[in-house]
Amino acid sequence: MKFVSIVMGSRSDYDIVSQCAETLKKFGVPYELIISSAHRSPERTKKYMKEAEAKGAQVFIAAAGMAAHLAGALAASTTKPVLGIPMESGPLRGEDALFSTVMMPAGMPVGTLAIGKAGAVNAAYLAIQIMALQDDELKIKLQEDRISKAKKVELDSSEIETIL
Amino acid sequence: MKFVSIVMGSRSDYDIVSQCAETLKKFGVPYELIISSAHRSPERTKKYMKEAEAKGAQVFIAAAGMAAHLAGALAASTTKPVLGIPMESGPLRGEDALFSTVMMPAGMPVGTLAIGKAGAVNAAYLAIQIMALQDDELKIKLQEDRISKAKKVELDSSEIETIL
Amino acid sequence: MKFVSIVMGSRSDYDIVSQCAETLKKFGVPYELIISSAHRSPERTKKYMKEAEAKGAQVFIAAAGMAAHLAGALAASTTKPVLGIPMESGPLRGEDALFSTVMMPAGMPVGTLAIGKAGAVNAAYLAIQIMALQDDELKIKLQEDRISKAKKVELDSSEIETIL
Amino acid sequence: MKFVSIVMGSRSDYDIVSQCAETLKKFGVPYELIISSAHRSPERTKKYMKEAEAKGAQVFIAAAGMAAHLAGALAASTTKPVLGIPMESGPLRGEDALFSTVMMPAGMPVGTLAIGKAGAVNAAYLAIQIMALQDDELKIKLQEDRISKAKKVELDSSEIETIL
Amino acid sequence: MKFVSIVMGSRSDYDIVSQCAETLKKFGVPYELIISSAHRSPERTKKYMKEAEAKGAQVFIAAAGMAAHLAGALAASTTKPVLGIPMESGPLRGEDALFSTVMMPAGMPVGTLAIGKAGAVNAAYLAIQIMALQDDELKIKLQEDRISKAKKVELDSSEIETIL
Amino acid sequence: MKFVSIVMGSRSDYDIVSQCAETLKKFGVPYELIISSAHRSPERTKKYMKEAEAKGAQVFIAAAGMAAHLAGALAASTTKPVLGIPMESGPLRGEDALFSTVMMPAGMPVGTLAIGKAGAVNAAYLAIQIMALQDDELKIKLQEDRISKAKKVELDSSEIETIL
Amino acid sequence: MKFVSIVMGSRSDYDIVSQCAETLKKFGVPYELIISSAHRSPERTKKYMKEAEAKGAQVFIAAAGMAAHLAGALAASTTKPVLGIPMESGPLRGEDALFSTVMMPAGMPVGTLAIGKAGAVNAAYLAIQIMALQDDELKIKLQEDRISKAKKVELDSSEIETIL
Amino acid sequence: MKFVSIVMGSRSDYDIVSQCAETLKKFGVPYELIISSAHRSPERTKKYMKEAEAKGAQVFIAAAGMAAHLAGALAASTTKPVLGIPMESGPLRGEDALFSTVMMPAGMPVGTLAIGKAGAVNAAYLAIQIMALQDDELKIKLQEDRISKAKKVELDSSEIETIL
């Protein structure tokens, strides 16, 4: 089965990361979600990566804060696409996690999304877009989502707009 | 034909962006490369997007500096994966381009790579990883590249290392 | 009719942006206010721009947060003056929105105001100043406003000041 | 005569600011250009402001670096639109000048452009857009400029583009 | 009479700035305290400066936030020492005010203290140190204050310290 | 007796720094903990350093916020290893303390840990790692701690994980 | 004799700091200038401070880069006014030195000037302003300097200005 | 044999990192130095760590730039002290490497030194200080180094100082 694998570095990331999972669910994309740390459980992380890849993981999503090495560690363990969500945790509010996730050296890409909640949702969207390259049904869902998003803007506007 | 489409915002980005194209070429991945601006030629950008998508573009890569809106503009025009290279140009050395590229709102992802040269190379790598999900030959090339990178580290080390 | 057009990127910007509208109202300057997104509803944005311009919009004001492309998108669609309000939303507190709004390439200006509330009020003031170039009554109101602001300072001071 | 007034804080700003003047000249917009400092010659600045306004200045453009108070000082002396160019000078490369120019308090707007060269050119463009509200010929020139900019993109692209 | 003059840019700065006044009071240093703005009441600011200087002001302290021009405006109006307190107000939490206060051009110094509360107290201390150059009683008070501060550290420590 | 010495600059740092002490206690490493300031009680700081070193202090840990000079002051007074905890206090949220602690000149190292709570815990861990070079029992405790941390990750994950 | 004392942390600061000395010389203010480090020669620094204060030092100026503790160390050793010049040295271009110099705790002020050259000149100016409180001749020189600075602006302007 | 192990992430780091090795050599501390990458050669890094630890490595020093994960990866593989040198490479000049190295989660410390050259030298110094806890000869060398550094300051000063 083709699926998306979400790895978060810490229990405290769950509230935000669950929105990534919710987005995948909304589009009917199967996913796995675990906690594993680049530093505290490197063996577990590596073992999980191998198993997930063998089972059919197409895209890996990593969420971590501060010196956020998790996405980079995943990227070093697979040649599947790895996406990174820099968490907003800690005193630097995610600027550290953003730099730690995005500034990867040549040959080891992490496709990085926005810090925090928007990034969690968008990691799911980008994973879905990647899956949709092989799945026309998914592609149609993405196009419908765009239309509904545009309609939502109109609806939101209608509640407050002033037109002369 | 399945290919990668590279759009850069300005002629001055070419020296860096050409390294993205070189990387795709090295892996035998077909690509298109054009200059088109989110601001100066929005119609052209949009028209190109449609044509490229119709012809088989699988992944779009956008390179822009300063208030780098190009990747976001592409993301708004397609449901294909869009990757962003924040250019180092201008007095803020790419921190502005990084923020403008990565901090996208929920539903409009841009998979962002490092500022500058490493990002240009990695946008190609991530695109290749995405293409490789449907192309086993490419997958093998990526795995071989990893091995050769690891060997390069050993070789580099051997020239300077001190072992007791 | 000559008027000011305010476009905000999201419903959540309304509390702050309404202060922009309030300021225009205080000076008797007609305005339109809608929600439209550079990314989620680019067609709507563009269509609105054309209609507003045809109806007499003199100045466009765009308010958006994070990777704030809205002002730039408006600037690319009109040769009327475009003013930008970088919103304080998101983990980077508006520094991302400021860079995304102000660092526009040559030929595509966005007159950018302060992040957040002060910027929302000042976008209105700058629009009024531009309208006042053709409206002597408005010019007098602006001059009176200055006098009343100076008096307000004196009044505020009188409540707490210590003079030897 | 209606004209644009450019004030720069220091002789060393001239190389960059001259590009603002060049842009105005290209569009046939009359301008004045002087050096005057918010701190070193506050009287001169104020006196000049009054005279320029009396002579027909429609828009003021201020260019200054570091703790860039010049645009704010002009804004406090007139109710005409004031635009600010944060210069790239000094060890902080213009981030200080950007904050000092853009973060104005409510009621005292400075329409701020990008740091450095792009900002110098864009201050001229924004001033021209404001002038064009009363000048149809100028409006047409602005629209033609857009077309020529879009063509320039195509031309630039044709030199390097790769199309499959 | 020799005294210290405190000028704050806005009523909202009073809570913090009052700690500057309290510190002066504790050392028996006379002071004036008013609200006046560099932008909203430039004439009042200038007039006050002249009167205060004529009455015996030895040191001026300016407190302002965001694009904090007040200290620089005072510095341009007097050759007496001017000290600056960058306020923490606004989305950038005082980094803007710090840059706007401290990065003054050669010949127009503002002796800048820390952002916020510590800066408010320290502006008073630095003013007292300057006054103490001509006042031996004040000098002794400063030395006693140092001793009492050192004792306070010991006392604080004794409540929690662990010594083997 | 060999022990770790913790010095904090201010009573307000205690809540965070106590977590450093707790960590040492958990590993059975003796420690001293006092308040002493680089600026308010430099003599006390120096005197304490000498006594602590004579009594057997192996590692010094300094916690301070804002212009955090304490760790550097300790480093200048001893050739024992000095570790620094940049506190999150003040408007700049510890970025000032981080720079003030870590950017030491050649020859005067401060081994700097993360801003705030994670740094407080990690200063203890690094001190324990240093002590463990001479203490095999401690080394075993550190290895057991790693195992328990890895298990904790598994346990945390088991509560929320989704595996296909 | 009343004089100003300049202490710099490193030989490499001399080129910039010499401009501080030149400014004092231009105004006929006597000064001492030495190299002494907060970290490498704390005893020498302290001993020098005492001697300088005994000989008549009125104001201390400290110049240091990176984790710039020198000004704070001087401030802790004297109740005379201490001014700080954050040097531009190192990869962070003086932002670290600025934070390390200006963010002092309550009761230990450092009057901080701009990073680099402008700061070096302004530390001299602020010291002269402080000395001028007791020296009418110096006060007149400062006022004449202001006039000559204003004239210099006019002269500079006359070379390039465009007046309609 | 007890020794220090230096690992750098890339050949391009060698010029700076060699100064770390030079410092160890000056103090007669044996060291190993290799290139190995957290991402490109994770197996090699891990294998080397084990061998080095078995052979007697007491302290590990990691040097890496941009999203600098190397020090954290070492820290996750050993309970020996790990020190980090954030390299100045890339457009963000080492601010990314600093955050990626220092902001480690609780339980996984990296003792971080300054960005660039000063950090490379200081990683050696801190390693020597750690080794000196078990080596009195080394302790004496460190104390002599302090004395010679203090003398060097005096010598440097004597060449330029001005004493009244």
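Letters are used for the chains, namely A, B, C, D, E, F, G and H, taken in the order the chains are written, and counting of residues starts over at 1 for each.
The working rule: a contact is a pair of C-beta atoms (placed from the backbone, for glycine too) under 8 Å apart; a residue touches a chain by one contact, two chains touch by 3 or more.
Given the structure is predicted, the values throughout are model-derived calculations rather than measurements.
Among the remaining chains, those touching chain D and also chain H are B, G.
With steps allowed only between chains in touch, the distance from chain D over to chain F comes to 2. Residue-numbered contact pairs of B-H overlap by over half with those of E-F, the repeat interface among F-H, D-E or E-F. The distance from the centre of chain B to the centre of chain C, each centre being the mean of the chain's C-alpha atoms, comes to 35 Å.
Measuring from the averaged C-alpha position of chain A to that of chain B gives a distance of 18 Å. Chain contacts: chain E has residues 10, 37, 40, 66-67, 90, 92-93, 95, 102-105, 107-108, 114-115, 118, 146, 149 touching two or more partner chains. Inter-chain contacts occur between A-B, A-C, A-F, A-H, B-C, B-D, B-H, C-D, C-E, D-E, D-G, E-F, E-G, F-G, F-H, G-H.
Taken together, the chain H residues at the contact with chain B in this complex read 1, 3, 10-11, 14, 21, 30-37, 40-41, 43-44, 55, 66-67, 90-93.
Chain E meets chain G in the complex at residues 58, 79-81, 83, 98, 102-115, 117-118, 121-123, 125-126, 129-130, 132-134, 139, 142-143, 145-146, 149. On the side of chain E, the complex with chain D involves touching residues 9-10, 37-40, 42, 66-67, 69, 72-73, 75-77, 90, 92, 95-96, 99-105, 107-108.
Put simply, chain H touches chain G in their complex at residues 88, 93-95, 114-116, 118, 146, 149-150, 152-154, 156-157, 159-164.
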